[in-house]
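Some structures to go through are shown next.
Here subunit A shows up in two complexes: once beside subunit B, once beside subunit C.
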Partner chain A sequence: MEIKESTSGTSEVLTITGKIDVTTSGQLQDAIIAGINRGGCDFVLDLSGADYISSSGLRVLLIVIKRLKEQGGRLVIAAASGHIREVFDIAGFTPLFPMYPTIDEALAALADTQQKQ
Partner chain B sequence: MTVKILVVDDEPDLEALIRQKFRRQIRDNELMFVFAHNGIEALQAIEQEKDIELVLTDINMPEMDGLTLLLKLSELKRLLKAIVVSAYGDLDNIRTAMNRGAFDFLTKPIDFRDLEITIQKTLEQICMLKQAVNDHDKLLAIHRELDIAREIQMSIVPSEFPPFPGRTELDIYAMMIAAQQVGGDFYDFFFIDEKRLGFVIADVSGKGIPAALFMAVSRTLLKTMALKQQPPAECLYTVNHMLCGDNAPEMFVTLFYGILNVETGGLEFCNGGHNYPYILRAGGGVEMVLSRGGMALGIFDDMPYVNGAETLRPGDSFFLYTDGVTEAQNVAGEFYGDPRLAEILAGLSDGNAQNIIDTVVNDARKYAGEAPQSDDITALAIKYAGSGNEPVAKLS
Partner chain C sequence: MNGVLDVVLKNDLSEIQRLSVLAETFSGEQALPSSALFDMNLVLEEIISNVIKYAYNDDGAHQIMVRLRVHGDELSIEVEDDGLPFNPLEAPTPDITQPLEERPIGGLGLHLVKKIMDTIQYSRTNGINHLVMRKRISGQ
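== the complex of A and B ==
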């Protein structure tokens, strides 16, 4: 698994390539927590290059959104494959993680709700 | 701690010289010296004094020389290090000594400053070795404990088949293969009363010991609630509530709990975020049971859980599994997947419960080939033979 980080407006975009499983999920957790510690608030997880997420990956995302929630931050998912959406869906996680077909749409959704706030 | 050093030399004056040069260390109980005058005496001393850690030996000696002594030392299973003392320029003997396991060498006449440094260096090496042996022993102890943990885990899931030899209405088989010594999957089945069989399959997030602990708790909570005759959704609601109560590390479990009425074939269930099971119809045909009852357990308290219902007719089978089956990966990193699972199940409607499980698990393992098993693989099949008392099927 590889993580590329970039910033777009007030949001941080993390682009994941590869598998998010028991061996790599810790790395993802560290990357997002580091982003939060830098003062990051809104995160887009770009899963266009991710081909798998295991229950360990879901667990890390739960830890992260709990942490974000305390600080009024958000995490949305962009460009997840059908297989990954299904994993979220079956576990009942879809309501917790808003999903968007593209990064632009994810960023627009975050920006839109920011204005309204 | 005092370090005991054996000095082996046929030179009679050496003992007095060493006692003189190292008198401070001897007085302060840092070093203790034992003396021998040839290889034979040295071996006797080592045999008698088990705490000798370092041997400083000359090469040319009567009875048994230093090179032979080195060979004998290497045969002892002791944490001993040897330093050889040779004549200046005697490279052949030095090479032989090093090849026979000597840790270092000194040349004559002995430079006592150098000897002290060499002893210090050797002792540091012995200290590291002792630490390594200690760590190794600890690791072995952990492995033994893991083996016991595995036995405990395997003993809390039912493993005797057929589990209810007197019950002709059903045939049950299950298998659980952990990817590591212990795993986070489990299955269970038990009669709630004369007519109703409760059955469970579940998968805890992550693997290894944390998952195994959470698995044991989840399994016990669920069974306790189930035996109180609660409907599936109520059971999941309560178990979720209890798991959320003190679940600091954000563990969760996906869990399917069903109750089969063995008299009617009626099936009531609740699926808490688990993979959709399949029904293998008696005449052929495979149906995925898409009913979703609620979220995986242990995440958010007070979540709604709803019951689903199906009917098994005589000859139908219910197949449950964890994602270790569908997410088995081959060496190319591709997944076994639902389509392949559905396809293989389609050919198994005539099989008994064990046929179904064996065929699926073998196929998943065959698919994975040489690739290491990445997740726990668990599967449970219940074939409903019928009681003869089923309500007459409605024509549709």
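== the complex of A and C ==
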């Protein structure tokens, strides 16, 4: 798994390539927590290059979304494959993580709700 | 489609990546749809990582036997380990409708397995846990 980090406006974008599994999910947790510690508040997880997620990845997402929510932050998902969306559905994660077809739409949604806040 | 792949794993989490590569090759040979490969990898990771993390109360080396079988439109996944007795069918079902604040961390792996596979059978014989999971292959 590879993680590329970038910023767009006030949002941090983490682009994942490869598998989010029991051997790699710790890297994802470290990357998001590092972003939070840098003062990041809104995150887009770009899964356009991710082809797999297991419960180990879901566990990490639940840990970070709980922490973000305490701090008034948000994490949304962009460009998840059908297989990954199905795992989110089975795990009951779909209501917890807003999903958008593209990064641009995810960023626009975050910016839009920021303006309304 | 008919074929069998037997793999012997060590009780080391890095073995899951090796198994994933072997499963992908097997899936290609059997011309399985991408959904079947995804499900197979997910189920294997959830079951085997559980065994490696929780089944052994010693630091010794153990072997975990995996058999993947395709017969017609059915995929079966068999896993045998010599760890502590553990019946996944008796694992508590998580409440996946809880609000975020009340969601516990963890406990989703076996839930995914139960939802993905059509049937799961567990037995324990002569100190060996034996799990057989089956699913009808369909779609892409």
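Just so it is clear, the second predicted complex is superposed on the first by the 117 of 117 C-alpha atoms of A that agree within 3 Å, B and C clash if a C-alpha of one lies under 4 Å from a C-alpha of the other, contacts with A are read in each partner's own complex, and residues count from 1 in each chain.
Basically, contacts are C-beta pairs under 8 Å (C-beta built on N, C-alpha and C of every residue); 3 or more make two chains touch, one makes a residue touch a chain.
Source: prediction; values computed, not measured.
Look at subunit A after the overlay: subunit B and subunit C clash there. After overlaying the two complexes on the shared chain, residue contacts for A:Thr10 are found with neither subunit B nor subunit C. Using the contact criterion defined above for the overlaid structures, shared-chain residue A:Leu62 touches subunit B and also reaches subunit C. In the superposed model, A:Gln71 lies in contact with neither subunit B nor subunit C. When the two structures are aligned on the shared chain, A:Thr102 is found in touch with neither subunit B nor subunit C.
Looking at the shared chain after the overlay, A:Thr113 reaches neither subunit B nor subunit C. Shared interface residues of subunit A, touching subunit B in one complex and subunit C in the other, are 19, 21-22, 51-52, 54-56, 58-59, 62-63, 66, 83, 90-92.
Subunit B contributes residues 203-207, 250-252, 254, 272-276, 292, 294-296, 299, 323, 327, 333, 335, 374-375 to its touches with subunit A in the complex.
Residues 19, 21-22, 51-52, 54-56, 58-59, 62-63, 66, 83, 90-93 of subunit A are the ones touching subunit B in the complex.
If you check the complex, the residues on subunit A that touch subunit C are 19, 21-23, 51-52, 54-56, 58-59, 62-63, 65-66, 69, 83, 87, 90-92, 96.
By the touch rule above, subunit C contacts subunit A in their complex via residues 13-14, 16-17, 20, 34-35, 38, 41-42, 45-46, 49, 94, 96-98, 100-101, 103, 105-106, 108-109, 111-112, 115-116.
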